[in-house]
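Below: one structure, written as structure tokens.
We just call them A, B and C in the order they show up, numbering each chain from 1.
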């Protein structure tokens, strides 16, 4: 706090407590009680087994498993749950928030210091909430002469596109928000929006440094899209389908990373470039062009763009896991039944929980691998970047396509091969 | 190509090695640094100072004669010392004036300690002098006479897993 | 009628960027550059943002009172900037510094050189986007600041050198502590090499960038590590030895290529050599003795002038003092290395890419406050 706190006076403290209790009483009497009365008078509550439905009966009904589990089962398998909670937005946002915190602590440990420390009781664990509150309370400054429509909608479009990519990533067999037959092509189509959004936003900022940053973002993202697509192509050849769930299922005995290591490497470098992480964070290079295309963002616009970036990080890490690391394959470590002898409908499905566990573990490992270069490398220069993207990575990706074709036509993998089921 | 791959691998190895080294940060204010000795002092007979930390001053009322040499020394540097009348009667301080130091202006250089010929003005280890108003930063001679209590006890230690503070 | 075709002139293609004081890549210094696409075509450094009139202020204070305010231009390297002043005043007032005082002065100067070079290295890392290379040097600086705090009493604003010697003797147990921490620091230097200097990305960014040839270095009058990176082994401590330096044996580190990589490597090699010098000084120091010559209250000397220079972290730092027989100097002229090095900035920056701007600018070892005085 920047202001000096006033001296503590006991009378003021008691007065503030009384005010709090007063307001709670007002709200309960004016809003809560009428609501309860309306429910009790007007809504016809059914008599249960010949008894009137009292609140006590209602609560005891709620904890009865035979009544509540079918409701929960039904709600879990709706589309809304998938979009909002499980492989959809909440899961991605939770992993993104955990990623930001882990990144700060991980980098701090590598740099021999403590990261966030004071927010929250245990070593700064509530730091993100504090940052979010701070960003919400700041004023959003729109530069004069800026194109207001694009300035306000581009960050929202950024988050929307990132969420669209997340919606295609399956987290467990049968658990994907949008099960498209052309899954991987749709992913690349969505990823193609990002350079456009960066360029539009930097143009709409009406300022010199964002302009330079936007041009660099455009060059960088477009240059690395081609090796990105080319390195995913051998996986499609080996799996025989464009659907992401099928690709994860096709890695049953052996993961693709053992057969296609060069492709995995090219995919990793290209995803670092797509995410604008160090060493490829030229569009946001701080010491040369202040903050690149993010210079004029302030307040919640900056918050939205950071959220979009970290959700995209989760999406690309999840994509790497699905394509190369076997998706959710892993030894079954959860027991078949947790309450043996219980007949009736169950929520717990051992294979699903196992799949979710292994998928989350592998994604977190991949995220740590994406966070690692930030502590080790400086920033790269634009001409070296474009040289690497257009020459070296495309050549490496082509080599791997030939390796994949050899494997399929040599009868080792693919349909009818020696090593596939 | 191969030596650049080697360079990358060494960099990754060096970075990952640091995940096992202890953190260097000193967790102030739960832990505070220890200072050797009592503070900077000056011996006018030999003309040389005695090593110590330069924090808040301490004024020995039973030695100060009100000669104003400290105020004159500070006039060219920070003008932080002014002489004020005190309510005490000492035989060696006929004019009954003693220095009052404004820590809003003092730069803690210690040349006033070098100027005092009567062993009356020393410096101590106390550096936590912040306050809420500017007036509270002006320390009167009686405030300067109090010996501070400073109990920091953390030292820089170099061990097998790196250097760290406590 | 209709639309007329406007031809694109040369001026329309250029974009003027003000890398000003409010920029994370420039410190408190402004320079204006004009950019054509990615190439810089015009550069105009504009010092003076932090000018405070140090030289004029010196005329109102006597020789001893000048010390705390003269150390402020380069507060990280404060021992070196007051070292040269003390040498000049001693020549004017005919004071002889005792032997142990000379050794301790050289020791404090070397420790302070490490502190400054580590800070410079940290900022260099962060200009290139390497945040680890900012945290590690700034953390390891604590080792030396801790030693200087035990020796002089203050962490950064030392006010330790004074005409006549140093203000106080070493405390107990200082020699062992110093040797231990310097040995640990030399192990850390190996880590810096691994993660920064041998990192292929860093080398790609700095090798062959901003090449300053030997003849141009002499013509432009640069000094310090910039000069030594272009192949000229000139170090004031060896060429015009002052105090005890004519009895210390050390090698002048220099590199021949003259690009940004050499300019960033020479201070690193200097740091290694400095550790060696610190050990030699602690070895050869006389075990007891005076550290300060006893002075009159307001020292003054006959009218005259003197010029002395010292090797600081940025180059040769000289004082020219004119005295007219009173305790206050008549004129003090402070000649710093940064101001001479910045002349090379437009020369190197024109024709190079915009992305090379941080690596060229900061490798010239420029400290804005010192150049503005």
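As a working rule, a contact is a pair of C-beta atoms (placed from the backbone, for glycine too) under 8 Å apart; a residue touches a chain by one contact, two chains touch by 3 or more.
As the structure is a prediction and not an experimental result, all values here were calculated from the model.
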item: Winner on C-beta contact pairs when A-C is weighed against A-B; value: A-C
item: Remotest chain, subunit A as reference, centres from CA atoms; value: B
item: Innermost chain, where centres are averages of C-alpha coordinates; value: C
item: Euclidean distance of C-alpha centroids - subunit B vs subunit C, Å; value: 26
item: Gap in Å, rounded to a whole number, between the CA centres of subunit C and subunit A; value: 47
item: Separation of subunit A from subunit B, taking each centre as the mean of its C-alpha atoms, in whole Å; value: 50
item: Residue numbers of subunit C (touch at least two other chains); value: 132, 139, 195, 199
item: Residues within subunit B bordering two or more other chains; value: 11, 14-15, 18, 24
item: Where subunit A touches two or more other chains, by residue; value: 110-113, 375-377
item: Subunit C residues touching subunit B - in the complex, by the definition given at the top; value: 60-62, 64-65, 67-69, 132, 139, 142-143, 146, 149-154, 157, 159, 167-173, 180-181, 184, 191, 194-195, 198-200, 203, 290-292, 294-295
item: Footprint of subunit C on subunit A - complex, ascending; value: 107, 110-113, 208-209, 212, 278-279, 281-282, 285-290, 374-384
item: In the complex with subunit B, residue positions of subunit A that touch it; value: 4, 108-114, 372, 375-377
item: Residues of subunit B touching subunit C in the complex; value: 3-4, 7-8, 10-11, 13-15, 17-18, 24, 36-37, 40, 47-54, 73, 76-78, 107-111, 114, 123, 156, 158, 163
item: Subunit B residues touching subunit A - in the complex, by the definition given at the top; value: 11-12, 14-16, 18-19, 21-25, 27, 132, 162
